[in-house]
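Please read the structure below before turning to the comments.
Order as written gives the chain letters A, B, C, D, E and F; numbering starts at 1 within each chain.
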Amino acid sequence: METHKAKQVTITIEAPMERRLRAVLDEAGVTGYSVLKVIGGSGRSGAWSAEGQVGSAGGMIQVICIIRPDRLDGLLEAAFSVVERHIGVVTITDCDVLRAERF
Amino acid sequence: MAGALCRIEGKKEVCGLDGFLALAATNLGSPLILSFVLGVAAALGRSDLVFPEAAAKALSIYLLFAIGMKGGVSVAEHGVDIRLGTAILLGIVLSAALPLLAFRLLGIMTRLDRTNAAAVAAHYGSISIVTFVAGTSVLESAGLSADGFMVAVAAAMEAPAILSALWLISRSDPNVRMDSTLWREIMLNGSIVLLIGAFVIGMIVGADGLAEVDSFFVSPFKGALCLFLLDMGLVAGRGLRRSRDVLTPGLLAFGLLMPPLGACLGAVGGLLIGLPTGSLFLMMVLAASASYIAVPAAMRVAVPEADPGIYLTLSLGVTFPFNLTLGLPIYLALARGISGG
Amino acid sequence: MAGALCRIEGKKEVCGLDGFLALAATNLGSPLILSFVLGVAAALGRSDLVFPEAAAKALSIYLLFAIGMKGGVSVAEHGVDIRLGTAILLGIVLSAALPLLAFRLLGIMTRLDRTNAAAVAAHYGSISIVTFVAGTSVLESAGLSADGFMVAVAAAMEAPAILSALWLISRSDPNVRMDSTLWREIMLNGSIVLLIGAFVIGMIVGADGLAEVDSFFVSPFKGALCLFLLDMGLVAGRGLRRSRDVLTPGLLAFGLLMPPLGACLGAVGGLLIGLPTGSLFLMMVLAASASYIAVPAAMRVAVPEADPGIYLTLSLGVTFPFNLTLGLPIYLALARGISGG
Amino acid sequence: MAGALCRIEGKKEVCGLDGFLALAATNLGSPLILSFVLGVAAALGRSDLVFPEAAAKALSIYLLFAIGMKGGVSVAEHGVDIRLGTAILLGIVLSAALPLLAFRLLGIMTRLDRTNAAAVAAHYGSISIVTFVAGTSVLESAGLSADGFMVAVAAAMEAPAILSALWLISRSDPNVRMDSTLWREIMLNGSIVLLIGAFVIGMIVGADGLAEVDSFFVSPFKGALCLFLLDMGLVAGRGLRRSRDVLTPGLLAFGLLMPPLGACLGAVGGLLIGLPTGSLFLMMVLAASASYIAVPAAMRVAVPEADPGIYLTLSLGVTFPFNLTLGLPIYLALARGISGG
Amino acid sequence: METHKAKQVTITIEAPMERRLRAVLDEAGVTGYSVLKVIGGSGRSGAWSAEGQVGSAGGMIQVICIIRPDRLDGLLEAAFSVVERHIGVVTITDCDVLRAERF
Amino acid sequence: METHKAKQVTITIEAPMERRLRAVLDEAGVTGYSVLKVIGGSGRSGAWSAEGQVGSAGGMIQVICIIRPDRLDGLLEAAFSVVERHIGVVTITDCDVLRAERF
């Protein structure tokens, strides 16, 4: 099938930052993204798990954007403004997509 | 006369140290505390027992709604008092002032940097609603009651501490600033909205309205609290296990010293505005307790440099268990002693 | 004689507009509605208060099971009536016919394309079980009761509207076809199966069986409904905030006009088959209410081109709150007026 | 005298086969069993009805806590008996021995390889707490009661079967070894910790403590169990649908034969140590039931080569429904027959 | 360690479509896949979040298949038949896998 | 923005194995990873779904590590020791990351 080049950007960040990240992405014109829940992990600040947690402070999320390669820089700059002081693991992967007109 | 350290057992009145010990024993032997202990033990023993996150959050919504509503109904029944205003004011002052004290203490007792110290301090100005609820139940066992508006005081004390702490940090770190989004996030935090909202609902519907939902919000409350405390124990125990190395002796000492200090300040304030024994006790409990929901979330957003391993472990792993087990009976004995109730 | 717009307050009978206003005030001041309002307010104020998805789904299973079972038990107690059959038939006819009316109205009042209009229309033929339950509770407050089989009518009305809407769309869009998988998905939708299943269980076990599980399914019901409505308020408020721009004046007007229209058709039908006041009222409520679970899921599968932002916002953000607050007392006043109950 | 196969109906005593059939009918017509049947039917009919995972887990925590606590309170009330020790010992022996029998049977009746056979066998030595709870409720309907310590026996029987099965496998597969992590995981499994922990809490707080949380842990218990069984039905039905081809006639026969066999061994042991009718029945139920939580998790870790499709389908899809519907009345009839109760 | 080339195909689709997608994948002989839950996102039809949702209509899932490169086309064609009229964001990424015999 | 080469390793494994996998990763000095929940799937042992499950036996998780390329082999060897006898689908993808000093 016909596929098209695209970039997948994944931002892993503290759950309480979701709203701000969404706002910044919207401003930067990035309207396509999906959010996954991270249920545990480990980093420089130790290991954690979401199980039994009452507050949202402990949690993290992953925001995944599929975008056209030429829009990558705008996205990264927008994301970086939120991520800068935060945990924010940001990865960029090459991918192919079906139906490029969506992106 | 049943005085400061007295307690009625069957027909006999038990006083002094005996009274306190009896109270502490009753507290430690209640299903609530035992559930918490079970949770801590299971986590420390590395059992794979866990609570689903969604269930823990749902339980906490239930508890906040129930406690808020009951408070509102009680105010509706007894009429609004001028003391409501002064008590809320006192709560706000305590919440804003306690972080300054805590910050100072942390400077003396520990080697935390300013950012982490301020983040920890914020937790101790704010409150833990579960400690408050456990306090209410200790009060009941002792045959006392408190003003319904203390729930509103609890809600009022959630946020000011955060502002104090942010002010402390902003003096050295210009990155930490208050913007309007942050301000709204802090003031419209889920637990504040739920407590105040349910409080207002309770005030509107009154005792008749509560009667309609009594068998959901009132009678099963204590049992639901058992499961919630089991979960809190699991989370606290897991936190302790994971962050053992974070807990220096200085931090540990702070986590055990700060609550009684807060309680004393709460007592002084409460006496000044003339709170009766029950409410005085709850004011002390609020001052003594440390936040583990609203404040951590705010710190995560506003002060990401601070280490959650430190503030969560201290608040949930040290201060919460201390208050729950020993703190509550101590504060009640004190409250009775000073108010002569 | 307590007539159409009358209501008993204490010893006094309040009639006419006063009676209606008193009823509306009682409704608006009930913990149920206030919980919903709190949810909407929290969401519009952008509080971070959220309900875990799993808890919302669990609550909805609980409510469906409880309401189904109670209906079944009531039928078991009062015996199966011929009216059960006619009422179900009426429900099916209404559910299938209302989308045609709604579709026509949408064509006149809005600029929605055919696909979106049909998708919206499907929602208004189908029903909202929470509105039904809230109706039952309004009925109780007014000292009236309804036939247990109305639960079965509710279940019967879930699906026909979907078929009507698909037929409307398929006339212009050949992509939309009924296959057997889709058919089964619609008929064996979780909420239908749960309602009918619990209804049958209720019929089998009867009042004795219900007594065994009464303190889970009956007494705490209203309190659980409060939390559920809080969540519905949060979701509705969030939907409104996100889809503000979707809500043109025409759509808004449709969302407020369609429910009373549906209620009137329900009333006409109910009168024809001779339903007594309580059941007549519930038939009106069913006809007036719009689906927000079964139909959206079916539309997502069968008509992905339709925009959920439109149909969910309209159903959950406009019609549901309208029915809950103003609609129910209006329909009850009408039901009483026309049935002389 | 009300003998083995007798049952009191209203004022009449119903004996023999009639008594058994009446008991079976009562059991099959109870809301508990009907909820399970509804779940199975919905899943087999491919309805999209599902329970959120978090809700299912939360319900199971609730049930374990409630049943554990009630057991502990009952022991606190009646005093600790020497039979507690002997009953626990019997439970451990049965749990360890039943897998050997099951393994042998599987070798004769099916073509499972040693690993899968041992994994299945482990499930039949261990226990299903929901079957146990359902047994308690059948006992109540029959007007009988059992010793509170049977809950502790249930907890004691969870793990030994796993060790037996691992020993069986390790004889042929050197990869399967017991390390200390595995050992702790098995012994501190969540459901064991919860059952034992709540049992101890019940023993400490006694009837007074239970009274405080009665309206959460006791009165709504049966209703909550209905929803839990609905979910178990959904999961079992889905499992059956997905693993149809796994279920050879031999396996099916094993899944239906092994429970009564286990019950008989349980009966022999229970008679030897002199258990009264109620406890004897529960011992049979424990021996007859198969694990679907603790053992599958342990197998997943220690014997990943074994196919969960086989052991879960057998335990949850065949044995659990059999015990719930037909097994319980059969075992009760037997227990009454042999103990003359 | 020895690794082998493979493709990771990720299909993001409305939750109520899960059953149909699974059926089509089964038919196409794709038996290895994992499903993740998407808890929120944004697209042409606006932003959404799963929190508090009672129905499944709002939700989305991600189906992730790791397959041998030579089986990619079959998979894409199967997926496309379901995804066509639906949201269906489909991405293809190159990856390496341990234990190629699994795929 | 400046990005750096990294590897993303994704390990899909039975939920009851999470503890062991974490322990092995810690030992191997891999302190950065995130855990996602897998809610369903299909494999050689058939299709499954987490919905309504009471035990953890049925569930699976995904552990995602972003690491510097030179640390890949250590990670894979550590992971393999746990994954060996288990389901353990392990994929390795090239990616770019912001802020390489984190990894």
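Everything below uses one rule, namely that contacts are C-beta pairs under 8 Å (C-beta built on N, C-alpha and C of every residue); 3 or more make two chains touch, one makes a residue touch a chain.
Small disclaimer: the values here were computed from a predicted structure and weren't measured.
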Steps needed, at minimum, to go from subunit B to subunit D via contacts: 1
Minimum number of chain-to-chain touching steps separating subunit C from subunit F: 2
Most widely separated chain from subunit C, with each centre as the mean of CA atoms: F
Chain whose average C-alpha position is farthest from subunit D's own: A
Computed distance of Cα centres, subunit B from subunit A, in Å: 35
Centroid spacing, where centroids are CA-atom means, of subunit C and subunit D in whole angstrom: 41
Multi-partner residues of subunit A (each touching 2 or more other chains): 16, 19, 36-37, 39, 47, 49, 56, 93-94
Subunit D: positions in contact with at least two other chains: 48, 50-55, 57-58, 185, 215, 220, 297
Subunit C contact footprint on subunit D (complex, rising order): 29-31, 34-35, 38, 41-42, 45-55, 58, 215, 219-224, 226-227, 230
Footprint of subunit E on subunit A - complex, ascending: 1, 3, 6, 8, 18, 22, 25-26, 31-37, 61, 66, 93-99, 102
Interfacial residue positions of subunit E with respect to subunit A in the complex: 12, 36-44, 47, 49, 60, 62, 73, 76-77, 80, 83, 88-94
Residue numbers on subunit C that touch subunit E, as the complex places them: 50-53, 56-57, 59-60, 175, 181, 185, 231-232, 234-235, 238, 242-243, 246, 292-294, 296-301, 304-305, 307-309, 312
Subunit C - residues contacting subunit D, complex: 52-55, 57-58, 61-62, 65, 69, 184-185, 188-190, 193-194, 197-198, 200-201, 204-205, 209-210, 212-217, 220, 297
